[in-house]
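Chain nomenclature is as follows: A, B and C, assigned in order of appearance, with residue numbering initiated at 1 for each chain independently.
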Amino acid sequence: MSVKKVSGNKSVSYARYGYLFILPFFVVYAIFTLYPQMLTIYNSFFEYYRDGLTIVGPNYVGMRNYVALFTKNSSGYIPLFKFLGNTVWLWLLGAVPQFVIAMMLAIFFTSTRLNIRGQQFFKTVIYMPNLIMASAFSMLFFALFSQVGPINQLLVEMGVIDKAFNFLGVRVTVQSLIALMNFLMWFGNTTILLMAGIQGIDESLFESARLDGSNATQVFFNITMPLLMPIFIYVLITSMIGGIQMFDVPQVLTNGIGTPNNTSMTLIMYLNNFLGTSKNYGMAGAVSVLLFIITAILSTFVFKTINKK
Amino acid sequence: MSKDINKSARIKLLISRIVVYGILIFLAFLCLFFFYLMIINSTRSNAQLKTGFTIIPGGHMLDNFINAWNDGSINIPVGMKNSFIVSSMCAVLTTYFSALTAYGTYVYDFKYKSLVHIFILAIMMIPAQVSAVGFIQLAYKYNLTNKLWMLIIPSIAAPSVYFYMRQYLEATLPLEMVEAARIDGSSEFRIFNTIVLPIMKPAVAVQMIFSFVGSWNNYFMPALLLNKAEKKTVPIMIAQLRSADYSKFDMGKVYMLMLMAILPVMVIYIILSKSIIKGVTSGSVKG
Amino acid sequence: MAEVTIKNVKKVYPFRETDKPKKKGLFKKTVEEPVRRNNLERTADGVVAVQEFNLDIKDKEFIVLVGPSGCGKSTTLRMVAGLEEITSGELYIDGKLVNSVEPKDRDIAMVFQNYALYPHMTVYDNIAYSLKIKNTPKDVIDKKVREAAEILDITQYLQRKPKALSGGQRQRVAIGRAIVRNPKVLLMDEPLSNLDAKLRNQMRSEIIKLRKRIDTTFIYVTHDQTEAMTLGDRIVVMKDGFIQQIGTPQEVFDHPRNVFVAGFIGTPQMNFFDGELILKDGKYYVKTKGITVELSAEKQKRLHEHNVQPQEITLGIRPEHLYLSPEGIEGTVDVSELMGSSRHLHLNADGKDIIVIAPTDEADEGFNGKTVHLSFLGKSAHIFSKTDETNLEY
C-alpha cells in the first residue's frame, strides 16, 4: 500500500514526531492502566487471598470466582444480584428526580417567554455540590443527620418528632439520604448539559412551531424532546455509568458496611471490601471484570448515540 | 375582547413566573442549606453544638480551627499538603500530556493515527476501578504503596482530557499555523510549546481546574494505596472521621475539618465559576 | 535570490485505511481536508496529485502557478516549501538538492491563504518569530522588523494582536513575516483569495511594488487568472496534476496550447465552435457555421511545418476578436451588458452561448433580441484537435 520512495532519498516526513508525541500517553497507559487491567482479569480466574498472615494461592480455579458471585451465599442472597441491585436502585432513587428536575430547569432557563433573571447565580449555586468532595459531603450528612446532629435537634425543637430519630439505622432513610446527596451533586450538572442541548436546537424551529399553533406542551413533546433525544440519552447513559461506580457517598455514610443489613452496599463497596485486609484479588478481579462488561455495554450505547447525530 | 385575552395571558405568565422562581429558590436553598449548617457549626464549640439547632454563628471559629489544625490523629496540614501536591501535579501533567497526545494525533500523519484515536475514545469509558485490583496488587508486590507519585504519574494518560483537547485543537488550530512555524524555522517540539500551547490556553485552564478538583476529591484509589498517616490525602482523613467513634469527638472541630477539606475547591469555584460552568458543556457532550 | 529547479516531480497521496468523515465533534471544525480529489489519476499507490512536473525558475523570477482547485498547484508549492514529501523527482534550490531538507533549512518563506498568524503574539512578535528562533541579536531583530513594517506600512500596528487587525492588515503582517528573513524564495499560496474584491486589487498592485523593493524569487499560487496574468513573469497553467502550459502571460494568452488553457486564461472566456480545417490549394481555411476564413500567414506556416491534415476541429475565438459583420455566424442577442467602453453581447447561436465584446458605437441597447452575424480574422482563430484538444499549430 505504501508509496515506494526513491532509494537513498530521505524524506521530510513528520510521522516520527507523531509517534514521539503520543508515546508518553501510551507508555503510562500500558504500565499504570492496561497491565493492571490484564492482571485484574488474570486474577479473576485464581484463588488468591490473605487469611490472617497466610497467603492462599494463587491457585487456578477457572470460573469459580464468577460462580460464587452468582450463587446464593450463607446469608441467603446472590452477591452480584444483591449488590448490583442495590447500586441500580440507589442510582434510580437519585437519577429519577435528577433528570425530571434538570429537564424542568433546562426548559425554564431556555424559555424566552419566562425570561428567567439571575440565571448565572442559579446555575452557579446548583452546580456547586458537584465539585464538593463526595466523602466530605457524605461525612457532613452523617454529622447533620446523626442522632445528636442538628437535623434531629431541629425536628425535635419544631415538635415534628419527640425524640431523636436514627436516620442511619433505617433502610428507607439511609437510601433516601444517599439518593438526596446524589441528586444534589448531579442535578445541576445535568441541567447545564440539557440546557446546552436545548440551546443547540435551531431557534426558528420553536418559532415556527409556535406559529403553527402549538402550545408549550406540544412544543416540548413534538420539537424539544425528539431533537434533544441523542443528548438526553448520552447524559442518561453516562449518568448510569457513573451510577454503577457509586462509592464515596454510601461508603462514608455507612462506614463501608452498607447499613442496615447490606441494603446500601454498592458493587464498588463490595469490591473495595475484597481489597481491604483480605486482599482477595481473585474475587475482586471477578467483580471488576463484571463491572467492565456492564460499562462496556453501556458505553457502546453512548458511542451509538454520538455517531447517530 | 382582545384586551381580556391580553390580560389573562399576562396573569398566566405572572403565575408561572412565580411558580418557577419558587422552585428555583427552593432548589438553591437546598443546595446551600447543608453547607450553611456546616459553616455555622464550624464556628460553634462542642458545648454550643449540644445545646441545639441554630442558624446563628457561635464565635468559636478560631478555636475550632486551631484544634483542627493541631489534631493528633487527623493531621490535616499534612493531608492538605499531600492533596495539594498530588492535585497540582496531576493538573499540570494531565493537561500537558493530553494536549501533547491530542496534538500528535491531530497534526501528524502516521500509519495508525485513526486507530490510535479510536482506541483512546474506546478506553475513555472504562472505570478506574477495573484496573484497581491489578494496580494495588502491583503496588504491594513492588513496595510502591504510600508513594504519592503512584497517584500522579497515571494522570499522564487521561483519555477524556485527550478527547477534549483534540476537539479544541480541531476547532482552533489551522494546520497552516504549524506549517508557518515550521517554515519560520521552529523545531516540532518548540512549535508545540511556543505556538500550540499558548493557543490552547483556555482549554488547558479549564482542564487544569477539573483535574485539580477531581484529584483533590478522589477517594477510592488513594484510600487503597495510602495507609501511612504522613502520606494520606484529605478525603482519606475525612473518611477516617467517620470510622472513628464520632461521639467522643469535638464536633466543632469535625465541622471545621470538613470545611477545610472543601474550602480550596470552594475558593476556586467562587473565583472561576463562570468558566467552570462553561467548561461543563464543552467538556462532555454536544452532538 | 535563487534559482529553483523542479525535475520530473510527482506527488502521490496514499489511500488511507479510514477515509470516512470524522465524527461530529463538540467544536465546529474549521480546518479543511488537505487533499481534494477530483479527476486525479488513481494508481495502486494512491491518488496522484502532481506528476511530470518540470520547471526551471530563474533567479528573481516571479512564477505563478494557476489552475482550478484540485489541480495540484498548492501541492507543488508545498513540496517546494518542504511541507509535503516529494514522492519522486528532484527539487533543487540554488543548485542544491533539497528533497530531504527540512523547511527551516531551505531558506524559504511562505505566505498562507488564511495568513496563519500566531494569535497569541503581537504583530511585532509574529514578524520577529523566525529571527528569534535563529537567535538573532535583539537589536538586529528590531531593525529588521521595523524595516519590514515600514515597507508594508504596518508600523503603527506592531503592538497589536492579529485579532485587532482587518483582513488587509493581516495580509500585510503575513507578508512581513515572510520578507523579514530575506528568503531565497518567497512562496505565496493564494494570498489574496480571502480578501474582498476591492482590497484584492489594491493588494495586487502592492505585491507588484513589493517585488520591486525586495529582490527575490517568487512562486505564487492562485486560481484567479487575472492575478496570474498581472503578476507573473511566467505562468504555469495546471490541471488534474499535469502542467498544461508554461509561458509568459502574453504567450499563454496568444498561443494557448490546448482547449483547457484557452478557456481558462482570458476573461470573458474564449468562445468555442465546432468547425472544420480545410486545406485547399496549399492554404488552410477554417470553416464553421456559414463562414470560411483563411488563416493568417503565420498560422499557415506553422500548420505546414507540422503537416497538419484537414480534420474536424474545435475552433476558439476570443470575445474581443469576434466582430459584427453582414454575414457569418448567426446568433440571437439574449443579453447585452454595457461595460462602459464596450458592450458584452451574450448570444445564442444554435443553442450555443457566445460572448462578443463590441464597441459601443457599433452596438446599442436596441440589440436585445436581435439576430446578428459574426466574423473573425484569420490571425485570431485558435485551432484545436477534436480528438486530444491540443493546439494544432504546435
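The rule we apply is simple: a residue touches a chain if its C-beta (ideal position, glycine included) is under 8 Å from a C-beta of that chain, and two chains touch if they have at least 3 such contacts.
Owing to the predicted nature of the structure, the values given are computational and were not obtained by experimental measurement.
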Which of A-B and B-C has more C-beta pairs touching across its chains: A-B
Identifier of the chain whose CA centre is least distant from the whole-structure CA centre: B
Chain whose Cα centroid lies at the greatest distance from that of chain C: A
CA centroid of chain A to CA centroid of chain C, Å: 59
Separation of mean Cα positions, chain B and chain A [Å, integer]: 15
Separation of chain B from chain C, taking each centre as the mean of its C-alpha atoms, in whole Å: 55
Residues within chain A bordering two or more other chains: 306, 309
Per-residue multi-chain contacts in chain C, two or more chains: 24, 82, 102-103
Residue numbers of chain B (touch at least two other chains): 285-287
Partner chain A, residues of chain B touching it in the complex: 13, 16-17, 20-21, 23-24, 27-28, 30-32, 34-35, 37-38, 41, 49-50, 52-53, 97-98, 100-101, 103-105, 107-111, 113, 116, 120-123, 125-127, 129-138, 140, 153-154, 156-157, 162, 188, 192, 213, 216-217, 219-220, 223-224, 234-235, 238-239, 241-243, 246-247, 251, 254-255, 258, 261-262, 265-266, 269, 273-274, 276-277, 280-281, 284-287
Touch list for chain C against partner chain B, complex: 16-18, 22, 24-31, 34, 78, 81-83, 102-104, 108-110, 112-114, 116-120, 129-130, 133-134, 177
Residues of chain A that touch chain B when the two form their complex: 14-22, 24-26, 28-29, 32-40, 42-43, 101, 104-105, 108, 113-114, 116, 120-129, 131-144, 146, 148, 150-151, 153-154, 157, 184, 187-189, 192-193, 195-197, 200, 230-231, 234-235, 238, 241, 244-245, 247-248, 251-253, 255-256, 268, 271-272, 275, 279, 281, 284-285, 288-289, 291-292, 295-296, 298-299, 302-303, 306, 309
Residues of chain B that touch chain C when the two form their complex: 114-115, 164, 167-168, 170-177, 179-187, 190, 195, 198-199, 201, 282-283, 285-287
